[in-house]
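We call the chains A, B, C and D, going by the order they appear; numbering starts again at 1 in every chain.
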């Protein structure tokens, strides 16, 4: 479990797992998006009745933390499967979106405000 | 945009973007899970009326591809923000989940079958 | 189980169930939206690996149908809880949205096309 | 907009809207579930950065309320389209799920506790 620290190798590792099971025919982008949404739904279930202010400590509870880690692991796997299927470099896509977000949320207008400045105008 | 190829650096990069805007107070795990779900919802919207068999070519269309990349980029960003908030190593969590999935979906029973063998018993 | 055929009575019935358990403090709109999304995630899980053309017959299978009905029942319950919390008449909101959709999707431009005419322009 | 107060007529009204546009071919259960999830994602977007305690007043704000109503209207429409496609009586399914929930969440163990008693054991 040591070598796959960089995103590209990790994506290949996740892809090989699916290929070994001949899952490519199920893994079209529509189905992967749906699978991702169902895993995120399980993550939401963990937090749905917890107050915001308690959600950090809730996530760290010994009975809750393994489920949180499981669901976030699934999110990571499906993110990588989507990137691989669509021939997207996963690091690249994150950095490009971050760059776009930098234009949408300029520091001077967005400090302490999570909505784009145009939305609150 | 070159150096953050490994997941840990990428996570720090994404985290710094949020810290620069003082967004930590909005980024508790409950809110991040919800934000992730809303981005995944936008990804679903792209594919909702498209047949499975057409979803690869749909995703590659010139008018569709930028939106697909945007939403997948957001998924990557929120995955990394969740990992950072919960002090989870993102590569580690993916590899651990993959290992658990290897037990749940043994190659010999899972080839060509996307459901765990116990579920179809 | 006979009398609550109209939507308003059904909403009151669902609300009384929650009130009997003193769940109002958990049922703010944010939490209800999150709970709804988690139930919809379970519905997605049922269909994620099934082809469009097989999804009707899949939903009707004896092993699948009870789960489909459970999740759709939960969606109905959460729809009604959201309406009640926000003092929205559930029949009214559906009819108003339908009216708005009639403007967005005129019959003459929308026949056989699930996207608004402006979106495909 | 007066007559469709009962759920069955409302479902027929929603179904006729889709039939008029020949949308049946897009409305298999897989696609409807996906469309429902994307509308719920838009609802989540409205509440993602708002604290629980502020979410009632947020939903009632003049700039926010129309979007909340739009998304909840879409949830109602998709709930009814799913019921119609799967030949489910919408009032029935809600009442049956409520009955099942009554067993899962007995009043004496569930007052002030949103999780089933077995889950917290």
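Simple rule for what comes next: contacts are C-beta pairs under 8 Å (C-beta built on N, C-alpha and C of every residue); 3 or more make two chains touch, one makes a residue touch a chain.
These numbers come from a predicted model, not from an experiment.
Comparing chain pairs B-D and C-D by the number of C-beta pairs in contact, the larger count belongs to C-D. In summary, the interface at B-C recurs among the listed pairs A-C, A-D or A-B; the equivalent pair, sharing over half of its contacts by residue number, is A-D. Work out the mean CA point of chain B and of chain D, and you get 26 Å between them. For this pair, chain C with chain D, the centres built from the Cα atoms lie 3 Å apart. Each of the following residues of chain A touches two or more other chains: 26, 30-31, 34, 37, 40-41, 44, 47, 49, 51-53, 114. Residue ranges of chain C in contact with chain A, taken from their complex: 26, 31, 34-35, 37-42, 44-45, 47-49. Chain contact summary for the complex, chain C toward chain D: residues 1, 4-8, 10, 13-14, 17, 20-23, 25-26, 28-31, 33-34, 36-37, 40-41, 43-44, 46-47, 50-53, 55-56, 58-60, 68-70, 72-77, 79-80, 82-83, 85-86, 88, 90-102, 105, 107, 110-114.
Of all residues in chain A, only 30, 34, 37, 49, 51-53, 114-115 touch chain D in the complex they form.
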